[in-house]
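Scrolling down, you'll hit the structures one after another.
Each of the next two complexes has subunit A plus one more chain, namely subunit B in the first and subunit C in the second.
The block that comes next holds the complex of A and B.
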């Protein structure tokens, strides 16, 4: 790293040019010139402010207001302090949803990381043809639009026309004849986990694989000469070398599963009962079905805090370990 | 369709943000003509009806242009909410009769109480007029009503030696259906989540979906009456291959029946048109009878479904909106609509218009025992989340009825009181 940092300024020096003359001659023109960068970046900043910051601020405001259908239509929302947060935090159903969200996230992230790492290690060991085939399949799975994939999964597990029930019945498991997968909470949850894992493994696997190719082969060689087995090599060579990439992929997957809203909404709408209701689904349900925009916003805010909490904890842990190993 | 971080929050704010942006209404043209924007629902009018009505209306009111948009029922509650919150709402919206209370409560609708006389308010169907009123004021103008009947295949009935006209009680209905349910034929195609039918069976037993006491509503699916209603549903559902985990729209039951293997479905009479449209070979082979009750004397209870027309408080042209409603709900077009779409007209005095229509006749028998969902703004939240559907699937797939009913009732109670 330091080598790169030192090298960068060097080639720049000869390229430096004296200030352009026209700018120096006329003062107003010079001022206009210095405003140019800001003018150029203004649309992007403006767009971001309007599309990201304004909604966020508005959601924060709504979470502190008494904001229902009447206020949405007629306006005049009153501020009620932390009342919405108190209502939520006192609701056992909300805590049940929080617990489920973390369970959902943990299962997904662990499965994604483990499967993706195994796939990456496998791809590295494959010959050219096998590698091409696996990488192509990964990219194809990854390129599948979320809603399309969700719909396909929905049909795979359809009670009447689903290929899963057909396959299970034709190998003799008659209890699966017209088995309604989405009527069973655990089954619906498992199907969603499968879908989310299937959708995220390609990204994680390809990222990890490309990182694996950067590990110098000599390290493996010397480890093997020292008598290390495959497991030991992974623990002592590969993982430490790739720690930053693992960190990155892990964080992205935490975010990805925490916000897995589209899949759930399209497939089960949080049902049956509450079996697949995680925080984002809960927020939308509260806001749009019960017309409690205030409680929905508060739930979203709590989601942000919880998610940031998970990431902060994880980052701190990782940095601490890094400091120790240095 | 891409949801960014915090999907929940963004969706909320999107809805909220709609209230912030207000594109100027461009409908007042330079030539003094006004455009009245109308939202009607899918299957509310046919293409032909819409064209004829629009042409006639514009001829009679040369200063007004009509722009009709057809909306889908799926997710309509949110769409109307967003429209009411915007400054660019349509002038007339068709809303399900069970949805009006919620929007009226929110203050988003125009109070039309002083216009009821000119809109023939004296003999409106109560099943449409009552849900359209909130705290003594009339917000929803009755548009059309419909309730469910049994659509059946006359050829299959004949082959099985059954006289459909003789089916007057539940026992006779079950017997006939069991007889029809042979070989490749399904006695009845009843999807597991047709909760309107379940509601009818529960009302037959004297139960209800939810009851009010002391101003607080609570779910009532766990009463003995309601459990008997569910037991009958289960018995009937088993006489065919209806999927236990979906409703009548998934797959659309008219399309299932159009494939020719189904002897009966529970549907509004208009469904027969769709079946014939999908499979012209069934033309002339479909007939109707009212849903049988517990005894021969009383027809089965039915949910009085239907639509009201409302005018958003934010409508740009409320006067033209009322003119539009007046024409569409007036004698001439109500009669034509009822005949074309097999609906019950919005006024009792127009009932004779559909006397010759077999579907409407069967519907009229059932309508005598018509019921409504709980008339409270909280009910819309129950329909949006619909714990009744989960309950039905749970029981049909072997769950303990008493336990599942208690859970569902609890969910209904929560949903109904969540908004207040």
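The block that comes next holds the complex of A and C.
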């Protein structure tokens, strides 16, 4: 079983720590209260400050300014308070985008979690060879670069020579003869969902499977002895044991699908019309295509705020695991 | 007797069928990319696509490699990616060592910061980064991308390296120190050789992340088309190849190959330490 060589309860730690951490008194640097650790983390801190915190602060500032092409070239942007936010929130198109973002996220995450759980449960029940083959193909699908996968999906769904239209036509669905997938909003939306689910399931399934392998077999046995069926075992044994990992995978998938920018930009640029425009796409379109950097930044900040709810969930989980490894 | 051997097989049938479906669904797009790249054009543009190519050709690969600037974009991608990964490795090694081996005030806070940085909403920072790069005259330049990719891969590298350093018993270094090594010397001579596989794996995953990055490469390199990277070039295949899907798929294959190979080589590590969140597309 090459894919999961090391079974660990938490995906965070590559291996279990073999020896306890040395006490502070053994540690020469610790005893001296030296500046060494701070010197060692200084470059990392510097990088985070300049490349993360500064752009974030700048984005907040711009979202409160009147910042268009003129200000980009000449400088001297004026502060206008909440005007950009008011403009956005009064725009029905913006609300449509928000609604679509949540719809997109919900469909993707539900599909990913359900399929990934089923795949993980299936892999666990397979025999050795079958398990290796399935895990290897999951890894391959996961490894496929986003842009390459997006290009391939465009080819799969090509209206004239695409294999999908050919397959659908040959099983008798003649309406798919030369069906232009990317001209229809719902169809383009569906293709993007398929693409993102295809790309995200491997990670979720592999993570859930490696968590499944940590559940002690005795638990299943005693549940079976008590007469529990498969569904009951999943609800009362598997799910409670895997809850932390479930939560982790769930929040990661929410964040990732919320940020699914590249796939959309490469495949449809948010079109046709607005059919596949979700918040990050809307923000970049507003800023870089229509030169409304202020409105784009405001939309980005709203995105960040919406996302941070999920992030809090993720960090609570992370922090708990951090405590366990300490 | 016979019924007894057939029954379990029948019972396992749905399981095996679903396994087969999973494998086909996972592999088909990858297979279709590769097989299209090797098919002659007339077989690609036919009403009856062949699932298995009858004749093979390298024409599409020749077209892809000879396309304008292919070598240049390949070089750009390699330069940017390697620069970012090496920088991240160097910076992360120091930070990870401090976190895993030293006791200091603020260590927990630092790790929290790293975890937050790992989840940074990069898609929402495109606009300010664009404006900052414009103000500091860094647009259209490869070092800008190197810096961004460095920051994208850094938190993940710190987290993973910390784990790897944690697995090396400090007693080994202490023994070397007793024998007269300095602390730094002990780390380089004793811990580093043990750390090498971890460093390798981490950097390769960082490599994939940076190799695949599209958004910043697309929006920060605008006028200097010579400084584009492979993902951006691939995404504009319609400008390069028009409707030549064979060449497009050949280019995709060439672009995806390093990532696929690295992933397969590293599959052992995939589940253990890398569920951390940075490795995604």
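Heads up, the rule we're going with is that the second predicted complex is superposed on the first by the 273 of 326 C-alpha atoms of A that agree within 3 Å, B and C clash if a C-alpha of one lies under 4 Å from a C-alpha of the other, contacts with A are read in each partner's own complex, and residues count from 1 in each chain.
The rule we apply is simple: contacts are C-beta pairs under 8 Å (C-beta built on N, C-alpha and C of every residue); 3 or more make two chains touch, one makes a residue touch a chain.
Since we're looking at a predicted model, the values are computed, not measured.
Contacts of A:128 after superposition: neither subunit B nor subunit C is touched. After overlaying the two complexes on the shared chain, residue contacts for A:300 are found with subunit B and with subunit C alike. Of the two partner chains placed around the shared chain by superposition, subunit B is the only one that A:70 touches, whereas subunit C remains out of contact.
In the superposition on chain A, A:159 makes contact with subunit B only, while subunit C stays out of contact range.
Contact comparison for subunit A: of subunit B and subunit C, C touches the greater number of residues.
Look at A:178: by the touch rule set out above, it reaches subunit B but stays clear of subunit C.
Within the superposed three-chain model, A:271 lies in touch with subunit B and out of touch with subunit C [touch as defined at top].
When the two structures are aligned on the shared chain, A:285 is found in touch with subunit B, with no touch to subunit C. When both complexes are aligned on chain A by C-alpha atoms, subunit A residues 52, 54-56, 58-59, 62, 72, 146-147, 160, 255, 259, 261-262, 280, 283-284, 287-288, 293, 296-297, 300-301, 303-304 touch subunit B in the first and subunit C in the second. Residue ranges of subunit A in contact with subunit C, taken from their complex: 2-6, 8, 11-15, 17-19, 21-22, 24, 26-30, 36-41, 43-45, 47-48, 51-52, 54-56, 58-59, 62, 72, 118-119, 122-123, 125-126, 130, 133-153, 155-156, 158, 160-161, 163, 166, 198-199, 202-203, 206-207, 209-210, 248, 252, 255-256, 259, 261-262, 265-266, 280, 283-284, 287-288, 293, 296-297, 300-301, 303-304, 307, 311, 314-315, 318-319, 322.
On subunit B, the positions that touch subunit A within their shared complex are 1-17, 19, 78, 81, 84-85, 102-103, 105-108, 192, 241, 243-246, 313, 381, 384-385, 387, 390, 393-394, 397, 407, 411, 414-415, 418-419. Against subunit A, the residues of subunit C that register as touching in their complex are 15-16, 18-19, 22-23, 25-27, 29-30, 32-33, 36, 44-49, 91-92, 94-95, 97-99, 101-104, 107-108, 110-117, 119-132, 134, 147-148, 150-151, 154, 158-160, 163-164, 166-167, 169-171, 174, 177, 183, 198, 208, 211-212, 214-215, 218-219, 231, 234-235, 237, 245, 248-249, 252-253, 255-256, 259-260, 262-264, 267-277, 280-281. Chain contact summary for the complex, subunit A toward subunit B: residues 52, 54-56, 58-59, 62, 68-70, 72-75, 93, 146-147, 159-160, 178, 180, 182-184, 255, 259, 261-262, 271-273, 279-293, 296-297, 299-301, 303-304.
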